[in-house]
Amino acid sequence: MPLQTAGPAHLSFLANPKYAGHLRATKAGAVLVTAKDAAQAPPGTATLVVDDPYAALAVVLEHFHPPAPVVPGVAASALVDPSARVDPSAAIGPGTVIAAGVVIGPRTVIGPNCTVGEGTRIGSDSRLYANVTIYHGCTIGDRVILHSGVVIGADGFGFAPTRTGLKKIPQVGEVRIGDDVELGAGTCVDRGALGSTEIGTGVKIDNMVQVGHNVRIGAHTVIAAQTGIAGSTEIGSGCMIGGQVGIAGHLRIGNGCQIAAKSGIMRDLSDGAKVGGYPATTHARWLRQVAALDRLVERGRSTKGSAP
Amino acid sequence: MPLQTAGPAHLSFLANPKYAGHLRATKAGAVLVTAKDAAQAPPGTATLVVDDPYAALAVVLEHFHPPAPVVPGVAASALVDPSARVDPSAAIGPGTVIAAGVVIGPRTVIGPNCTVGEGTRIGSDSRLYANVTIYHGCTIGDRVILHSGVVIGADGFGFAPTRTGLKKIPQVGEVRIGDDVELGAGTCVDRGALGSTEIGTGVKIDNMVQVGHNVRIGAHTVIAAQTGIAGSTEIGSGCMIGGQVGIAGHLRIGNGCQIAAKSGIMRDLSDGAKVGGYPATTHARWLRQVAALDRLVERGRSTKGSAP
Amino acid sequence: MPLQTAGPAHLSFLANPKYAGHLRATKAGAVLVTAKDAAQAPPGTATLVVDDPYAALAVVLEHFHPPAPVVPGVAASALVDPSARVDPSAAIGPGTVIAAGVVIGPRTVIGPNCTVGEGTRIGSDSRLYANVTIYHGCTIGDRVILHSGVVIGADGFGFAPTRTGLKKIPQVGEVRIGDDVELGAGTCVDRGALGSTEIGTGVKIDNMVQVGHNVRIGAHTVIAAQTGIAGSTEIGSGCMIGGQVGIAGHLRIGNGCQIAAKSGIMRDLSDGAKVGGYPATTHARWLRQVAALDRLVERGRSTKGSAP
């Protein structure tokens, strides 16, 4: 429970210093806190002192809210092609369609009303929530979580202008998703035009993110909601990308880059770059741009004010 | 019918002054107009003078296009868990899956191919169009409209960095949606990490809006398409938020705020604030920033022009 | 295969000059190139000289990856209303629901778990992938491709403020989609409030694009991912609109306009306009704004640096 609504029967936590005031006023029975913050808890609240309250919370929550056990089997209204190989310990929900040649690994759970297209391979212990769509022979790793509305393997956006209009470039590639990846609700990952679109191990992507054809995303990169990455861009590992960011096509973003929310990236970024704005510049320079523009407005006002 | 395409058998209306020219030229049989505009209608067009043509249009349209009557019952191909309680006057579409413990109130209509997860409660006279997904025990009020592709209750985006990668914070909260709420196609409302994500009475949200975990939105607030609200932000009542706005996490937005389209909000806003730009500032100041930048460009040009 | 991963058994191509270096190093057995670039291919690589390698690629790919033949018929678990007219050469996937009065033309393929609402008409040789939703009597042309998660015909966003909250304006119009249109995954096209929302022949729209009520888009216009177009705006033919663009409502965008990614359009644009930024200005002026802001920052720094 959050600090401000928790009661004596609840456990809470303080991870964001912004909420330190809530700790002092909490009615929680116990709190996860760092040694530094522990003294601020009120007398009636037990303190559980840990190095990282947020990571500790994950452990506690896993303990008290274990995932529902998998009930293996194929729902009566699911349609599984005879050539598909579904592990007997996997679960396939009602209304779900599993096409020819699909392989589904041990303990993987596929929710209701999903569609898994021909030749798709999904590893073990993965979870597709309801209404997920996978086309075109994609490969999904182990312990992957795909939320509802995710679409993997739709055609990339490629057209050649001709005299009679735009000619579609057939998209014949695939998508490869590594282990321990999570994709949020409504996120779309297009298949490669040729070759594959690749999402590395441990990548975490929020809701409604667009991943264009032949994009590659390195391991453990995190991408917040509504960001879009245009075709053929390569993103390094360990990057942190804010929400509503746009990244143009055919770029190389280094490892460990940090991109502020709503930025527009039009050039390659070297390892460890911290950028913001549109067109994006270093984060520090972007803040100076904002400040300079503000001073300019102030000057404009005082000039007007001092006019005779 | 719009003024410019309506014929003698049609009723039209003038609500946006931008279209006053269309009123003078309309061939509509009758128009809803204010007293002020009525004189501008051509002789062959009857005028129905009202205080608010747009609100009057709603009343007329409701009269001529009443919602299709609800045909109660559960479609043969729907799957309703025996422990779910579906009111006999409700309708459940084909292919829809209703999980254990779900409660569905009188006259509520659930379209085809929806998935309603365990423990969800939906009030009366609500409408879920096709392909809506609800997870994880959410509560939905009366007269709520959820358009196709809506996902309610997916996990929020919370990870603790550890030495071996990002550790998922189990998301164990829920979503509470008040009465008379409408959510547009593809909109996603994540469940609380702990506690709940809350959408107040009468809130209207357009298509593809992202509502992060533990966000709270006050009554009668309106949010246009493709806006994103990051986790734990609280938004007051009666706000008007444009399209493609981004609002950072852990903020407080007051009541009655107006936020221009595409703005990026990085700080708390007090009641009644009118803001725009990124980082957002007052709407007036944003316009001055734009003007100042423009003057700067002009000066740059004239300086170049006068160089020897 | 891309130039850098292709082997002796593969055909590759060079269309983007950015990748000329990859051509010199490729191991591909053959490449599609222009006469100008052909000399740069390594000795072991055969060159197929063409005017437009990208368009030639489309032809080659069509030859080697022909679309899977349509297997006509209605899946056992599909539900087709007796009043619907499905051409015998069309295919309807499992779990798909076809409502009353729907008409589906020759050789059209509708994937699994789609919902096609009452009165919808779909032409010939069109393709709906899995999980597409169409409401409310829309009209779809020939050779149209709709990717998974597309929602056509949801209500537009129209509310009249009243003393007791916002009153919904019933949305009673439809959507008309021309021939040879492609809509990307998760894209939403709202029905007209009155009259129709119209998408012209040959229009190509990427993933997660929002098309508001009563928008009209002219023939052969191309729109990249995550762009949003507010209600009643008219867009000309042959426009190229980047990703994450926002276009306000009730505007007229001329023919052949080019709009840079992430721009915000608040005014009408005349034919052939090239614009960028927010608020958008000419592309050239936007670049000057960016440069001017940068000079301003530099000046701020040097002033500080020279301070005693």
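We just call them A, B and C in the order they show up, numbering each chain from 1.
Following the convention adopted for this analysis, contacts are C-beta pairs under 8 Å (C-beta built on N, C-alpha and C of every residue); 3 or more make two chains touch, one makes a residue touch a chain.
Please read these numbers as outputs of a predicted model, since none were measured by experiment.
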(message) On C-alpha atoms alone, could you tell me the rotation angle mapping subunit A onto subunit C? Nearest 5 degrees is fine.
(response) 120
(request) With over half of the numbers shared counting as same, classify the subunit B/subunit C interface as same or different. (result) different
(message) Could you work out how far the Cα centre of subunit B sits from that of subunit C, in whole Å?
(response) 23
(request) Give the residues of subunit C that touch two or more other chains, as numbers and ranges in rising order. (result) 77, 95, 113, 131, 149, 186, 208, 226, 244, 293, 296
(message) Taking the touch rule as given, give the residues of subunit C at its contact with subunit A in the complex, in rising order.
(response) 1-2, 5, 12, 16, 18, 52, 54-55, 57-58, 61-62, 65, 75, 77, 93-95, 111-113, 129-131, 145, 147-149, 180, 182, 184-186, 201-202, 204, 206-208, 219-220, 222, 224-226, 243-244, 261-262, 290, 293-294, 296-297, 300-301
(message) Considering only the defined contacts, which subunit C positions touch subunit B in the complex?
(response) 77, 79, 95, 97, 113-115, 117, 131, 133, 135, 149, 151, 154-155, 157, 159-162, 165-170, 172, 186, 188, 190, 194-195, 208, 210, 212, 214, 226, 228, 230, 244, 246, 248, 250, 264, 278-279, 281, 285, 288-289, 291-293, 295-296
